[in-house]
């Protein structure tokens, strides 16, 4: 199968190229990039020197599937012609994630360039929408924070055991901020420091809310989401807090086990979600597509606490995109994604 | 004034020696340490080579005040003779922090070596107990996490505007785990990774609860506290969440300003608590005694979110100890503590 | 082919398990470890949870090849029975690296436990000894620093263009110091700092000298080697300096090109040595078996400068061990080693 | 004494403001900056909120001394009017460091804006030129790498014991690259990586050569200098190599002691150069003005190896500038510079 990558020069695009190099069923035939168009992929990124590809301004080759790692708005604009031409599209930008076009426009402060495709797009959190993904031509690949948060909370939300106020406190490595330059990602500013950001509301919040509400359409549900930047390159750890409803678990003695069973049942048959036996570290997911969950109860305060770890560029971006491609195209779900994490 | 340090070879003790070197009213005349007894302080710690002091097994000199940076239990045992001899003591260990001896024994799983001194000890969060500190001979210097959490929440708790369930999500640099060796602090394990720990309950929780409850003895109040280890040496950022009571602020329009005024009033006259105009980073406190607070409201969910930043070894340990000494001894509160933070 | 790993719980052993998981021609059937014997491999190392293996005190299964990641002396002792039993052995320790037993004993300050095997051991720098490795049953896998240094200097030394005094200044990530605890690898001590160590002579020096001298047995040659510890987990960058002999290159105008050709010719047909077009970074080798070289001339001082980058745990340990296994067993040299580096 | 800072918004300028806050004999009355002109200093840099200063486009106040932390060329242009007006100037840029205007123009590829002042400028490596600094109105503050390299080699060069080829291999934290944005200083690119740069020649090379040659005008002397970027914020460690001349030290037995005496004698009376008893780490200089040296001999190869550690923003920039001001103005040489290093 011939695939292309729009904007290979950002971190998600680069990571797609890395993963696809080990995917036996695909052939990466075209990559685009703005600043570096005309250069060899391997000259710009030495670890990709095995590819014999020139970075192009646009994809001119015939392809069966396109990954877009363009920024929002530009992404939808670039994807539309492929969709019209019958090419499958996996969009890593935010353009097709929100079902509600008005909500998209409010949070992203742009007019949606092709609202007509929003309805047919499937939100590509594979574990929640695998069947629809298998049927669609357009997947909206989730944001990195939403991936970590939704997977952490979905089983408990679905089970109806939580009070409506959910708190998601996320800690992210700096690569999540992309390859674009800013003081916020300047080494000397961010190293040996931690800070919270987007206190007025982060754009990933509506995704989290949409997907969790989608599990219990009749229930009330509110999410407080706060991202933090920590001095490491890759990885997101989300700590999720929610109070348990009275009588959430019937037998007092088995609450921890009931919780574990609830999560185990929910993710049965999903190869990339793993339940840890001890509090996990993001290092356990470095370079692979796993999401490691650790659900636990704070009995003192009757609070559910779920720890969730992913590699933001893999399960939080390129890996999940390949997972979605596998599902869309009938390949084994973990094709090209079986490499173990890099530790230490 | 002649002062001594018990256990100068841990990070809190080393930091005390650093700060006292710039304190004009004290003379550090004795330091102890176990493994390195008999060696020159400056041979073990090159940055302290200006001192002409030998690390001793015990303090034999006459001193006016002793800082103890010993581990819990050993600390109380070592402090008792000084207290009996009329020497002022600032104990950086946990031994005298909890008013309730039984609670101490439950959390620390040891018998308290000298419960008789618990009652006269003052919890050394200077901003809450300055007057009592000025009168006492025994200060229990707070833990690093409690310092960050209590200062973040005290004004709002005192004002009675919060629902009873408080969440404190803290991110700490690795020096908080001390100088003792463990896999948890082994560079290759902790670098490029983040993890939560003490999910069954961290020993700093009862301190936080005791002090916040102390502000509103008649109210219910529950704290969920979760610490995280992040790959940096110094700094704690605590993110504190609490839902606002209905009608917490009278005029809808001025809620943000009301909140700011509440915090400003509470900390008026306290030189080390600063209110930030933008979300702060721990880097802004590197090496100094400041606690920088950023209180804000999440209007979507009616939640108070307060960010709090300190250097865990300064305001979270040695700096606050010196601040307490200044108050106990009638020196200016910021004597020896005026050096600006190191940035970047 | 059935393989075992002695001491899977150190960083080289863990990395072997990671790499072998993606090797199609081998089956890892037994792993040993001291402290963690009796535990499941995946419980100790969550990223290895795909293995269904118990850590054992000794290998009792029948195996075709054994990797030893034990410390020196213990390694030779444990390998001897396998060698006697006709099992192939790749020893990652230093025990069989030095041809001269007396020199080994001087540098390692122990008696060699089985000097009889020293002669048949082949030094496993695959690029220098591929033919002998294909014939032997015992490979002494090189040290991490020697791998980076010898590959950097071998072409120029072999060509006879250098004055006899070579300087190797190496910068290593902390994982090279292993998983054992020490103040030197304690996060807060090594983070945000750089230091030189082993100024009296590092044990990897005699390996470097032996192999480079082996290329020009009749020439004089002296190596000054100094390792440095820098605050990162993986990676070694060695900077090698040597003055050019008068008339080293015949035509003045083409010196840079001549140098490049010299290196290109030397490494033709060796898949893991790559010549960079720009100064390389260790990040370009993260998690893979490449050695990236950048040879250049300082015309001002007539000095050859070669930069060499490897991942110390891959090409510097476990990856090279697998490369050697491939050569010993007739598998493609890069079997199981084709995954691209993780970037960023 | 009233002082001003030109370009307070770069790292050297910010650090000057930090240090001057603790200097009892000066009053910082004016600071300039381009991007942030019009803003309060404490709003841009929260750790400087104690200052009540507005960042201005130019200094309009009357001042007695100006520090310039502007880029080269712009700096000389901005300094000239102050010099003409009789104001003392300490220029942290490169504009007045090289005695030879043509050499400056070759390396910096600009025309020198005011070559007339070059002759009266004194190279501000305080330990080499203290007497001239005390007499001048214009100090050219040294580069960070030259400070570390020259201090490391000066005693041995002066003593005439070295062969003419000197090698300086430097490892620097990222703050040395300044506050300007670039991929080279983008967190995710530089973190967990090390690389060499400026292999064609770094602009600090001619400074190093000029000053070392100045010590032995009749001798030949060549420097190979190679800088490396390592993942930390502050600190430079330079490793310097030079072969000893035959008969460099008369008595074989005391060579190490002779070397130590040579360095001790050279730096007697210089408060900021310290000789370490064990290999030093840059962490020992964090935030202070020390240069820690560790000279040693590699007897195997008859090579002098000197390790040198500084904080690149203090002794390598702002601290040395204040040291020079102290000497120029008759203050104690260590005024405002006595704070101990921050450890860990």
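Chains: A, B, C and D, in written order; residue numbering restarts at 1 for each.
Throughout what follows, a contact is a pair of C-beta atoms (placed from the backbone, for glycine too) under 8 Å apart; a residue touches a chain by one contact, two chains touch by 3 or more.
Not measured: the values here are computed from a predicted model.
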Find the chain most remote from subunit B, comparing centres computed as mean CA coordinates. C
Any idea whether A-C or B-C has more C-beta pairs in contact? A-C
Per the C-alpha means, the centres of subunit A and subunit C lie apart by a whole-Å value of 37
Distance in whole angstrom between the CA centres of subunit B and subunit C is 46
Residues touching two or more other chains, restricted to subunit C: which are they? 11, 173, 175, 188, 191-192, 231-234, 280, 286, 344
Within their complex, state which residues of subunit C touch subunit B. 11, 173-175, 179, 181-183, 185-188, 190-192, 231-233
Can you name the residues of subunit B that touch subunit A in the complex? 165, 167, 169, 171, 173, 188-189, 191-197, 199, 201, 222-224, 226, 228, 230-235, 237, 239, 241, 243, 279-283, 286, 294, 296, 298, 300-301, 303, 305, 307, 344
For the complex, give me every residue of subunit D touching subunit B. 11, 14, 18, 21-22, 43, 45-50, 175, 192, 233-234, 274, 276-278, 280, 284-288, 292, 338-344
